[in-house]
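Presented sequentially are two complexes of subunit A, the first with subunit B as partner and the second with subunit C.
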Partner chain A sequence: MMRSKADEEEYWHSSKFKAFTFEDEDDELSRLKESKQAVNSIRQLVEEDDDDDDDDTEKVSWSGEPVGSISWSIKEMAGSNQKIDREPAFPRIPTEPSTLNKSHSGLSLSSLFRGKAKSENFQSFSDAFSDSVRIYAPELRKPKSEYKDYVCDWSPEETVQRLLQGKAVSLEKFRSLQDKLLLLDFAVAAHDGNVITAVLIYLKRSLRKEVLFRELQSRQTALRHFIHYLTESREQKLLLELLRALGRTEDMALLQYKEHLSITDENNKRDFLKSCLSLPFSAEDSAHVQDHYTLLERQIIVEVRNPFRSGLHWSTGCLMLRSCCQAADRQAERGGKVEIYQRFPRKASILNMPLITTLYYCCFYHYGEPEGTFSSPLNVRRTFKISEKQYFVTALAARAKLKAWSDVDALFTGRNWLGFTRKKSPLSFHRVVDVLQRNSAPTQVLQDYVALIDDAELRISLAQKLKCHDIVISTFRDMKDRQMLVAYRGKVEPGSAPERKIDDLLNNQQIRWKN
Partner chain B sequence: MSPLDRIANMSTLKQHDIVKLYKVEYKATVSLSDQLCFLIRPRIQTVKWICDVVNADKAVGRFRRYKIIFTPQRFFACEAVLEEEGVFGDVTTDEWAFYLLPLDDDILSMELPEFFHDNFLAGDQRWLRTVGGALHLLHSVYGPFSKLYGIGSCSQMTYEWWREQVEQGEQGARPAEIGSVFLIDRDVDFVTPLCSQVVYEGLLDDIFRIKCGCVEFGPDVTSSDRSVKVMLNSQDKVFNEIRNEHFSNVFGFLSQKARNLQTAYDKRQGMDIKQMKTFVSEELKGLKQEHRLLSLHIGASESIMKKKTKQDFQELLQREHCLLEGFEIRESISFIEEHINRQISMMESLRMLCLLSITENGLLPKDYRSLKTQYLQSYGFDHLLTFSNLRQLGLLVEQQGAETLTVMESKVGKLVNDKTAGKITDAFSSLARRSHFRALSRKLNLVPKSDEEYDLRVPKDMAYIFSGAYVPLSCRLIEQVLERDGWAGLEDVTRLLNGHEFAVTGGSRAEPNSDAQRLVLVLFLGGCTFSEISALRFLGRAKGYKFIVVTTAVTNSSRLLEALLGNHA
Partner chain C sequence: MAAHLSYGKVNLNILREAARKDLREFLDKCAGSKAIVWDEYLTGPFGLIAQYSLLKEHEVEKMFTLKSGKLPNADVKNIIFFVRPRLELMDIIAKNVQSEDRLHSSRDFHILFVPRRSMLCEQRLKDQGVLGSFINMDEYILDLIPYDGDLLSMEYESAFRECYLENDQTSLYHTAKGLMTLQALYGTIPQIYGKGDCARHVANMMLRMKREFAGIQNQILPVFDTLLLLDRNVDLLTPLATQLTYEGLIDEIYGINNGYVKLPPEKFAQMKQGEASKDPPTEPKKLQLNSAEELYAEIRDKNFNAVGAALSKKAKIISAAFEERHNAKTVGEIKQFVSQLPHMQAARSSLANHTSIAELVKDITTSEAFFDSLTVEQEFMTGVDTDKVNTYIEDCIAQKDPLIKILRLVCMQSVCNNGLKQKVLDYYKREILQTYGYEHILTLHNLEKVGLLKPQTSSRNNYPTIRKTLKLWMEDANEQNPNDISYVYSGYAPLSIRLTQVLARPGWRSIEEVLKMLPGPHFEERQQLPSGLHKKRQQGENRTTLVFFLGGVTYAEISALRFLSQMEDSGMEYIIATTKLINGTTWIKTLMEGISWSPK
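Entry: the complex of A and B
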């Protein structure tokens, strides 16, 4: 402390950074050596800050004390002897300046009050005698520690080092904000999430949350650890406050929305979703949450509630008749009055199912209901602005499953609200065939649609796969491919109608075959 | 199968006076024992459940002794829970530093699937030390390493941590058994694990889910009413020959094998009694064993074929290849859209969406909105949370004009002071993480020219693991760096990958061409796929390396995405 500036420089830079070494012997020389190294390592980390002489003096003052020579286990000491003057086997990787420097600039305000902070430090030092030190005593070697208690005062870095080694250590004595943040920054610099979290838990206990939040803002790594810790320990309330303080309103909204997943009662869940509508989602997500709420509300009506009792009004009398059997599907199913539930018993309730599943359900059980009823597919389509293609695919699958081929057919034609002319489809026809075939449509139905596939090759391959002979034959005829036709003759049943048809074509003198 | 099964099965545990094994979950224990020992991963939730058990016992005045063994280490946060719940001291704790489970001769798994979620999504670095510890363990047993390469910020931090351990620790002079080490973060390459696997072992994992090197084949494979658990490793002679093969070769191989087996059985015709005796004592057991394995793998292949034809696998692969090549993007989008519209597999749709986003450097805002809406309609609105996770990780994002971004960033940077600028840069960092797959693919020649015929039976490069359509980025990086002995000449590539690359030389004095020097340890932080392992095996054969893969867990597209789903409480 009394050295000249030049001396000091030399002192600081006389040795390269090395890891701590701890000798068993307590002689003055080795003690000095240790402390020198310890201090040097700190120096390296806080280099940018050296305009502040107070800081340095403070650290040097530690070096006057025997630092950290107690309680290191035998194992470490055994290892330490051999490495004192060894060069590191592997180099450090030059990285961008550590977060430490940045965080120090964040401390500028508190450094104004450094004097006070220091005196607090001092006080904590004296406190250490009375209580806090004893907390970490169990692990220490007893006889020595009794004596060492008086002189040990681990720096933030040494404390972090101990934490890194998984040792019990008391953080209580770090009372100034500056010390707390140093702890945090050293922990972050050590890349150990476990230690970062340990320090954060202490900061959470000992700092007002507004102060903690403020400091975390400029420490992204620590912040992410804190958020993860709060998430894991399910401290929802504090987490929300944190996100609010950070101005991350969208994350806040999503976090609150997430809570609906743990609500099992459908009515409670619906009410909860309703309360979510006012949360600050992005415009896009806001619409989705609205849809989620509307969907669940709709599902509850279709599944459980009777529309008469709940006071929903239908515009015409004829609709009233319909709604008698469409409402409250659960009852309808239990009562066994409605035929479709007997033919196709429901596998599960519609509650909490995705929108498209709900649409499928409505196309399955409530097809053809007028648009005014809540369970009508058309109503669902309109309410949720389902795309034409999506509606089409779903209706197709549902009606095909029921083998309602006339409904299927009508999807492609009669519906002038879709603006279709004869057999047009928003879905390519080979997909249509795929959907139909998965629902085991008979060949007569399939071939109508196979015939509509534009791409001849695709048409033939599908027709062959599905045994739509007529289509294969007429396609080969159109392609004037005699050889393929002859080859195909071998694949159809002898004496069958397709075979006769092939023979007729082959004998037809009018056709100009290309081969 | 769990890691514990691999290390100590129930009968071993019984020999050590363990009465019964329970799964730790959210319910009261039924055990009547006076001592309860909990072997758990250090998770806050699990510790809370244990506290409930202890407190419930306390409430009824029951005295037991409790011990928690945390593996691989205890976390302060878990101990804090014990303290808060008032059971600290009632419960003693211990650590089991279990780092590596050898799944095979060349695969070491840390069995830490949570590494991926915790580290990359939540940004919690708690497992870095564990990985560093594993590296340290390998170093102290098989080191010293002569070279370390790596890419990714976690790899870098892990390296730093490990280096400090080495410096602090003792280092005896030992013969080096491992030449170099390559560390790679999973987020350097998300494309590879998102591709459908078509190499046999990868396919088995995609379809049947291999757990801890063990797969359970159901009745459809065994053609009996029982399920069988099969260990999949190089001990299984049949499996060992097909595991790295493209699936199209597997059938041919298996039928050839079946014919050989038949011939071997047929030998016994015309044997005299002495020959028969030798046959029965020496060969028959082996043949029977082979027979059993062969029929299992044939059953598995059949089952794979059935499942894959049903879901139009061929078309799916074709679309995937188009995405990798960057052709027919519109068609691929409408393919994915139809997939979603028809509510075909929720995971497949998500996988294809992510693949589209990464390969295209994000989706056009219009496409993003429309696909997201349709996805939510088909699979549930609660996937809002999934999309938020995927966006955070940069797996599924909206495209932003690159120029506008930089312009904005520098403008904003000028206006505000450093501290705020830092914050803004953080906000931008998720955008900056956008993939540059197309440029990377060009620079590293990841997509071979498609006009050449690719003979999958005689693979000429690592692309064979994806039917010749794509060389896995991760493995290509490893290949290039080993070849160049560092990152020199790859500056363009590392810049696109967001940097954090390193190559350091250690003090090992091993001869440059010794066997040990050809042994390369590849450490995947965040998981690797069986396809990548197959590719490395191929690379090893082609270039004379021997690769040992160390991974936090074996992953595949489903596991990777499941870790990011947000629709569970």
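Entry: the complex of A and C
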């Protein structure tokens, strides 16, 4: 407080805000700085007043909840649950500006619809605001149907009306199919899902399902509500029957498949997915579901089960594991004997991870394995028909992360044919550089790939950003752009190799500069 | 507290007061001390209606969040559950009640369903054997919540999903009920226009409900001249695009929930200079955003590129105001200055907050990723290369960008191309499933069902025709001093708002062809007014239209409507109502399977 007092002093005596200057800048956003400066320079003056809250400013706790708001109060109470008598710490509950009270109409929403005004509530306001009350006086009326409240023999239509009004009503007296269907049709016409559901619950209880299914076929809205109801109340079996009866086999298949989301045990989930394979999916989905099953099965093998494990001793180490069989990775990691798991402990188990994540994992932990093993990246790629590009990006990222630059190199050169050593990539080289850079590749590695970018402008801008001086320099040389080269000389370190190289070029009489 | 609700052309505070009145009445029905157990989701919407003080006046002594297990101790006579009618909540309530009975038998149980009672839920309570434990079951009809001076929201998050995916029209019923309430308070709306199947349903229900009250006329002079009902699926494109207004961007980046936003605290830490020794706060900073804040009301609807200038202008004004102290010579003048201090202080802190927020937003909007993604969006909206696999989307998938971002872009491409070529669609699907997991088959199916993603059926792509006729793309959108609604998306004029604009002038008859290309019927209905209630319009008096977005509306669309209201020659004021305020992300989330999308 003392400090801010002093600052305030200074403020009052200084003649102008020093920090605050106005300049017409083109970039509108840069003006944010101005307002920020202004805010800063004004701050000290008003800081002092902060404790002394004014009545018309809402008090807000640091978390932003207005003090006294419902959610704030709940939190407060959670903290001081035991002491009931203690006055909860509500510093000051903001009061409403008095002018607002004018809008008290003395009428509530529900009374509008119940068709009665609470006259006793009027009293307190009527003196002062009798004018406004008249303006807001609603239509006091009753729906026609309400006059029949005391008659017990309601028609299907009247019954639906009563349901709409939330009144108790018995559906049991509608015995004939015709009456029941009338009931349903009126409910549908009223569009209230709640009422439609109520009628459907009754129909479900009182009709054979063959009959119900048949009648629902010609009543699409009711049908949809019924499906929704069965879904909500998790009556899976009946729902599947219904969809089958309707011939909506694809929906049925998807619905069944959806169940897997709630299965947590991986073995159960795998078995469940296997049972889904025979469901009537569309050809396209069928392939996806098959892949889903195959993937989980594969993950379980890689993660926990080792079909060839008997007779193999873990201490034989990395080499043995890599070459002989699939490692059960969970155990390999726990055993602590395999180096890579110590250097890069696994963040999570591979179970239930997406395919590409699994591929990345395999490229990371099982890269050199022969294609015959389940955990080999090549095997994963072939089994799931992963596109060349996807495979390439994933392998690149994984090997770069491990700083296995020779593997990275091999990804490109390994793809050539007839001994042709030019690097080829299914991915544009600037994306390659992007991936490498994100995995913090050193400049030496980066520049090899920056150099391969076709577009000269893109190449230069990336090379400058990544400080690949040689590339910048040779590109300017190729472009015969002397001026740019001179300009770039200022950006490299004095006395460095790149500077010498630039000087050599600038002194070279052979080059015909364009400028 | 809610003064900002009464600033607008229509005093929405009347609605709020009516809702508060209803709440008091319910509380008084349960005589004696009480504790409320809240469905946490409801505390947000209720916060727009009432504060704890109101509840306390009516003997609410304790409040808890609904949780499984035993209810906390509280020496009260009544326990009231405030819940949405959802089955999973009924199960929790049943557990609460069951574990209670053995220990305490003197407490009475009540349930208040918001916004409606549900047979399904009561059935569930009955199945669980606890229905008899409740003394009282009631409903609190909170259909339309006043959200701001010109904005009403039902805060009904699942409305779009229910209507278009599950074909459950319950939310439409609530909409119609809400509109009836509104008419009871603000007079019968003489003219109803609509576009879309849901709009048609709502209008039908309204007309039918009105017939039920036949015989008794509403004697209130109508405040609204026109109601326009718009289905969200008439314009699937707009929510997919990144909003570029200030408020829209805050929502896109941080998410505005029930009028509040949570922000990373770092930029606000300096605010507490007085307590410099304290550790910087780690809890997010929560701010309320509405037009009660003068500065926010001024800048919320601006294109973000114009916000810097506006803040700087405001800074000058505030600085100048503080400068005034030098001119204050006499005691009277100083007194005058001091009396203005609280206001200036509020303005100062508001400026500080928004400068910080603008900085946060700017960090995002100036990033390369934001720019790239926006470029692709704009290409799609202008119809560039929408028929082939987009390399940017491909790259984003390869980088494992958030799935929702991918879905937004792919859906946008599909909408702008009137469906994707089967080959392209299959390619995207495959890449998505391989990268994000096969379980998303379900989500992709949902997106297809609601029409956001689809294979091209006819070879004719009608999007370019729609774009040209409705002028959905404006080449030189003026972000600083806009002259057209397209400024809210820096070039793209939201389709929904163009429809609204054309309806006001020159009328929908001029765009019959385009209306036929968009899904669902378009219609006009008239509601008879008792003679004597026909408005005698003053010369130059604006007409008022209530635009109701069924299935959600974005902040940028609201900004566009506010812009139209403010145009000098528009002659129209717009009030906006919706089932829920949405953006592309929150919207797509409600359509996904296997993730929980209701905010906890």
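Note that in this section the second predicted complex is superposed on the first by the 339 of 515 C-alpha atoms of A that agree within 3 Å, B and C clash if a C-alpha of one lies under 4 Å from a C-alpha of the other, contacts with A are read in each partner's own complex, and residues count from 1 in each chain.
Quick note on the criterion: a contact is a pair of C-beta atoms (placed from the backbone, for glycine too) under 8 Å apart; a residue touches a chain by one contact, two chains touch by 3 or more.
If you're wondering where the values come from, they're calculated on a predicted model, not measured in any experiment.
Contacts of A:218 after superposition on the shared chain: subunit B is touched, whereas subunit C is not. In the superposition on chain A, no contact is made by A:332 with either subunit B or subunit C.
Of the two partner chains, subunit B and subunit C are each touched by A:393.
By the touch criterion defined above, A:197 lies against subunit B and subunit C together after alignment on the C-alpha atoms of chain A. In the superposition on chain A, A:431 contacts both subunit B and subunit C.
Contacts of A:471 after superposition on the shared chain: neither subunit B nor subunit C is touched.
With the contact threshold set out at the top, residues 20, 78, 82, 90, 93, 105-106, 163, 166, 190-195, 197-198, 201, 221, 224-225, 228-229, 232-233, 254, 257-258, 260-261, 284-285, 288-289, 291-292, 295, 353-357, 384, 386-387, 389-390, 393, 431 of subunit A are in contact with subunit B in one structure and with subunit C in the other.
Listing the residues of subunit C that touch subunit A in their complex gives 1-3, 6, 11, 13-14, 17-19, 21-22, 25, 38, 43-44, 46-47, 50-53, 55, 61-65, 72-75, 85, 87, 116-120, 123-124, 139, 141, 166-170, 172-173, 176, 181, 184-185, 201, 204-205, 212-220, 260, 262, 273-274, 281, 283-288, 305-309, 311-312, 314-316, 318-319, 322, 325-326, 341-342, 344-346, 348-349, 351-352, 355-356, 358-359, 362, 366, 394-395, 398, 400, 426, 429, 431, 433-439, 441-442, 445, 480, 593-594. Per the touch definition, subunit A reaches subunit C in the complex via residues 1, 4, 12, 15, 17, 20, 22, 27-32, 34-39, 41-43, 45-47, 49-50, 54, 56-58, 60, 62-66, 68-74, 77-78, 81-82, 84, 90, 93-94, 96-97, 99-100, 103-113, 118, 121, 135-141, 143-145, 163, 166, 190-195, 197-198, 201, 221, 224-225, 228-229, 232-233, 254, 257-258, 260-261, 284-285, 288-289, 291-292, 295, 352-357, 384, 386-387, 389-390, 393, 431. Within the complex formed with subunit B, the residues of subunit A that make contact are 18-20, 76, 78-79, 82-83, 86, 88-93, 95, 102, 105-106, 163, 166, 190-198, 201, 217-218, 220-221, 224-225, 227-229, 231-233, 251, 254, 257-258, 260-262, 284-285, 288-289, 291-292, 295, 353-357, 384, 386-387, 389-390, 393-394, 397, 427, 431, 435. In the complex of the two chains, the subunit B residues touching subunit A come out as 43-45, 73-77, 80-81, 95, 118, 122-129, 144, 148, 156-161, 163-164, 166-171, 337-338, 341-343, 369, 372-374, 376-382, 384-385, 388, 418-419, 422-423, 426, 502, 504, 506-507, 566-569.
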